[in-house]
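Think of it as A, B, C and D in the order they're written, each chain with its own count starting at 1.
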Amino acid sequence: MRGRPNLYTDYQKESSIFSNNTQKSWFGILVTLSVAFCFLASDYWILLLTTSFLIAIAGWGLNIVSGLAGQINLAHGVFIGVGAYASAVIGGVATSSVIGFELDMIFWLPLAGVAAAIVGLIIAPITVKLKGLNLALVTLALVFIGSHLFSNFKSVTGGAGLGRKVATLKLFGVNLERGIEIGTLYLQKNQILYLVCLLTCIFAGLGVKNLVRSKAGRAYSAIRDGDIAAEALGINIFRHKASAFALSSFYGGISGALFFTVSGGVEPGTFSLLYSITFVAIVVIGGAGTVLGPLFGALFYTLFPALIQFFLHIFEIGESSLPLNLGQLERLLFGLFIILFLIFEPRGLWGIWFRLRNYFKAWPFSY
Amino acid sequence: MIIFLQATVEGLSLAAIYSLVAIGFVLIYKAMEVLSFAQPALAVVGAGIISSLAVDRGIPFWLALFLGVILTGILGLLIERTFLRPMVGEPVFSVAVLTIGIDILLRTVLDSWIGINPKYMGDPFPTFGNFGAVNIGGVNIKYLELAALITAIILIIILSIFFRKSKYGIAMRATSYDQEAAMAQGINVGRIFGLVWMIAGILAAFAGFFITGGFNTLSQFSFISALRALPAVVIGGLDSIPGAVVGSVIIGLTQGYVAYYQLTFESFVGFSFGNGFSVVAPYIIMFVILIFKPDGLFGTEEVERV
Amino acid sequence: MKPLRKQGIILFTVLALVLVACGGAAEETVEETTPEVVESLESPAVTTASTVDTGVGVTAEACPEAIGGIPTGADPTKGCIYLGLLNDYTGPYGPLGPALETGQRAFWLWANQTGGVGDYSVAIVEGFDTGYNPQKHLEGYNAQRDSVAAIAMSLGTPQTLFILDNMDADNMIAAPMSWYSGWSYKSVDKGLVIEFGSAYCADGMNAVDWALANYPVEVKTIGIMGYAGDYGGDYAKGVTAAAEANGLTVAWEYIVPSPEFDVAQAVGLMVTKPVDAYFPAIGPTHMAQVAGGALQQGLMPLSMMAAPSFNDAFVREGFALEQLFNSGSMYLMAFVAPYEAETTGHGVMRATLTSMGIDSANTFIVAGWASQHHLKGVLEAANKGGDLSRAGIRRAAGSVYVDSDGMMPTRELGQNRADAESFVAVPDGTIASGVRLLAGNYVGPSAGGYDWESGPCS
Amino acid sequence: MVVIESLKFNNVTLKFGGITALNDISFEVKPKKLYSIIGPNGAGKTSIFNCISGIYRPTTGTVKYGDNNINELRPDEVASLGIARTFQNIELFENMTVLDNILIGCHRQLNYGPISSLLYSKKVKKNEIQARKNAEEIIDFLEIEQFRYSYIMSLPYGVQKRVELGRALAMNPDMLLLDEPAAGMNNEETEDIARFIIDIHEEMKKTIIMVDHDMNMVMDIAEEVMVLNFGEKLAEGVPAEIVKDKKVIDAYLGVS
């Protein structure tokens, strides 16, 4: 049966995540390599990949509401912030200025997602009434209102310019702040975080895949492609838009909780308009509406600064000879990539990958 | 009372600035159904060009202002030609995100030029008499504010004459009404799109100058002021020019009154809206208005067709 | 079995296998990260030892010849002590950050050329841009903590407070670039912050006292504006205390975090509630906008600026507000005597800068230079005590006499007492540094009568 | 099995601003009938469908399905009563495959929420496989096997029309509203569609309301016909009577 990609022997196979053994083994190899990575790579690369995983989770979240359900959301960063602060309050240490309950990670991680989802549901009655650009603009307002609240809700956020520490890394009652020894194995905090993020990322990814291969995901896509037809097929638009927002926020909240645990602290100024827009751009560059797109986008976003440095090194271009500094160069190229992908490959990196894969599937017989 | 008038003057001058940016938004939206997030970037780029000509190159200010405005208009035209033209017929969301990309592009280049020290416009306003202000019955009106008000009024008048009388203006109105019918009438729609972006660029450059003129200076954060025109447009309705003006007045006055009265009011009611409230107040107003009127105060309602 | 559950089991199995397989490789990291916590901060450190223990950030290899485009002046035959640098290149102090850094690098160039610290030269690593943001500050700290012995500069009060717990766990000491009164008290800084110069709180008191004694116009009503949690709060406390003592009316206090400072609102306050004098403790960009905005409303009250509010560019030709800052209504509290001052330390600094081809008399270069004197004293004490590990350096900082060649008063670190000797200056475009010293080591009646052993002001 | 209901329009008037799209329309469609509405363009045929499926609200009058006042329901609630429809200008989900489109039609029969979707529980799996089987039956019935995995945009018009019919069938409705099922088709395709409609009506025993202006096909297969012109009801009756009706002939000749 191998080599005939669209031939399924039964319906269960067809609807499963990996329709053949080749895909399954590739996934296994990739997971194994990812786990091994944290023992082989330097702290720098571990941090970079950890960040990629978390951005991918947030990207998937945005992809559910924007890519699948077609509802433009420019305020994803606010939901990430809600998750970050929920986890900081539940898992963080109380000080004279901020509250914190120092609970275990098994509480703060899921609750961060739930808190963000609840906020998503609270604003749902407003967001589901609007479509297209008006929705985009309301979410834009949310960004400003959200960051205003973050800045002023001092007992939770510490206040603008001051910030607060986030949740402590404590799992099943074991404090992992200083790393952990399991037998002869010693894991540093950053390695633990890497593995936690990797695991969360895998589950988040599988969740999205599950979504698109079942009822809710199909309903979201239907709303995106034609809301009138979708309604005529018995899809409750209100409920599905709201659930898309809630799921999206849930992902954002989870990502936010872990993201700021990695950086150690969170300051309200982080959740600016640019922050939210970055996620929109990541989803667009990766491939909106696709399962793997946000992961590609996240990897691209975190790795391309390293790539730029690599190229500068290869062509022996000194940083000082550039008209822009590195940070600006990155931003410039980022902007350019958004434009180029939208014009030339609206399906983003996923589109490129898709074509490459099809090419190699048929290799060496080109059509 | 004088303080109230002072706050009103400040608010109206902000309104004038916002309306310049807002009209640009509306023109582009009416013609192409594109929401351009690049408008604030065009405004600060305009200011940057003026500053670089007038201060760095030593060109007389008025000439620099003229050149800056025209060059920004041409920049708008070029952006439409290179980036927007290939996107005709794509979903609105894609185009909106594309303009975010343009915004990042423009501002990155500008930011690298600005650096960390704020830039001056080299305008004559700060050095006029009493540091650039005239006192009318106790109310201080900065020359810069006065200029912004007058410029906005003149430009709005010129634009309305242009739309009513000139060949291109009428063609633009036709295009915004029905693109295909306009094409059938022999109107070069592509040229109209270019023209719209050019006008939007010119308006933005004026706004950019008034935002950064005088002591306000051009810094990497100046664009946030121009971005506040967005709630103005939304409040008025995306496709209504009078709406844009009314929206701008609402936003400008809100900001002016909040800046002057928030602390007094808070100490009166004993409740704090929080720091930086004057900056979010416009967005809160926009949020509330959109809940009740999803198409803004003056926008046309969309009719669904199956 | 559910596919999800099956996958989960596969995943965990793979995870467990890899963990076991890689167990050996990760072992050597253990000793590095096991923290050594100082048992007692009061334990005597300054003894003379023949061998020197070293730790993180101290290498036997020589320092690089240049870092950040400035030569280190390192002796190639000596080892190297690396210092971290948490600077602001893009935030509100972006305009000043590079000048501070130049001063610091120049200081170590001179120190290395004149013998370094024992068998070591000292080099500051590439600066990390914190954008004056606590979160990025912590990220920068985490990026540098494994390669430095101490931190040459941690810019900003809230930022430094934000990383204090981590510094405590790592035994990392830091020279601040902030004059928060808390730095002088172990209850706040855990003996980790090597303060220098007078605290903002003392500056605030001295600013009020000096203005009342020396300003020709009578001051009755005052306003205070500043960055909350930052020097604004500390300065405001000092100003309020002195105002109370002198019976002044505080018409308004506009103390907000730096990212939320709204110029329109600040100017609005000055218009709606005019004052005779105001005490700004904000950043230079906001300072110019507030002063200019007030002036456009026809207001020119006395302004007693906290040091970070001023930038010498304000009095340079071509700046639109040059006349205002030269008008005699603006004064500032300086952290150290300006560039031209006649002390041994200033002389050495001028000579070193000239030899480096730097002819700028920027106040922040002076501040950067001055900030390293006390840190050098601590490193020397640690070296003398035979322990250049971070724990040793921390112990040394607990009790040590430091001297700055006359730039600042000689003092003993580790005492729970803040410095109260301020410098009062007036902007002056005719002087290279842009400021003219009006009073050095000034202690007004309010600061003089204050109980500095009672703890931090805010 | 739900009892199949009849559909009743009681004096329905629909106005947009000054324009009257439907003027005092009343008719009844009995269960399991093949009812057809014809009339020239702009006669208000699609407006009737939009009033049934809840997209438009009648200005006055009521629409009843059995005892339900469906003019007060949202489109998805109408669909839940077992009323499916197709659209005049094909409203398929273009970025999806034929199979996915038909599976979306099965939405109503899948009984689980978004969280189950995310976790893909055992129940979801069972449901999905059942839905897939149903979809395959419809694909079989409409003879579109070779297009199963094709994206909609790549398909010819005639096939798209068939897919849309399939999507409506996937809802397993009691009543099917077909909006110009044969529009834009050649003779052969029209015959195919006619055959499918007859099969659906006779084998699956579904009530069908069909809108079209292809008189020949309507007269061939419809059991009852209503003729509309400019929002007014011109005539109603069996096809044989309608073709002889003078008003109808006038209206049709007058327009076309």
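Note that a contact is a pair of C-beta atoms (placed from the backbone, for glycine too) under 8 Å apart; a residue touches a chain by one contact, two chains touch by 3 or more.
Note that this is a predicted model, so its numbers are computed, not measured.
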item	value
Chain whose averaged C-alpha position falls nearest the assembly-wide average	A
B-C compared against A-C, more contacting pairs	A-C
Maximum centroid distance from subunit A, chain identifier (CA atoms)	D
For subunit B paired with subunit D, centre-to-centre distance based on mean C-alpha positions, whole Å	49
Separation of mean Cα positions, subunit C and subunit B [Å, integer]	40
Separation of subunit C from subunit D, taking each centre as the mean of its C-alpha atoms, in whole Å	75
Geometric centre distance via CA averages, subunit C-subunit A, whole Å	37
Residues of subunit D whose C-beta touches two or more other chains	55, 87, 91, 119-120, 125
Multi-partner residues of subunit A (each touching 2 or more other chains)	151, 160, 210, 228
For subunit B, residues that touch 2 or more chains besides their own	275-276, 279, 304, 306
Touching residues (chain side subunit B, partner subunit C) in the complex	3, 6-7, 10, 116-118, 120, 126-127, 130-133, 135, 140, 142, 214-217, 219, 255, 259-260, 262-264, 275-276, 278-279
Parts of subunit A lying in touch with subunit C, wherever the complex brings them together	16-17, 28, 31-32, 35-36, 39-40, 43, 151, 159-163, 165, 178-179, 181-188, 191, 195, 199, 202, 206, 210, 260, 263-270
Residues of subunit C defined as touching subunit B within the complex	89-90, 94-95, 252, 254, 256-257, 260, 262, 264-265, 267-269, 271-272, 285, 288-289, 292-293, 295-298, 313, 320-321, 324
Complex contact set, residues of subunit B against subunit A	35, 83, 86-87, 90, 92-98, 100-105, 108-109, 111-112, 227, 230-231, 234, 238, 272, 274-277, 279-280, 283-284, 286-287, 290-291, 294-295, 304, 306
Contact footprint of subunit A on subunit C as seen in their complex	3-4, 7, 10-11, 14-15, 18-20, 22-27, 29-30, 33, 35, 132-136, 138-139, 142, 146, 158, 162, 165-166, 227-230, 257-260
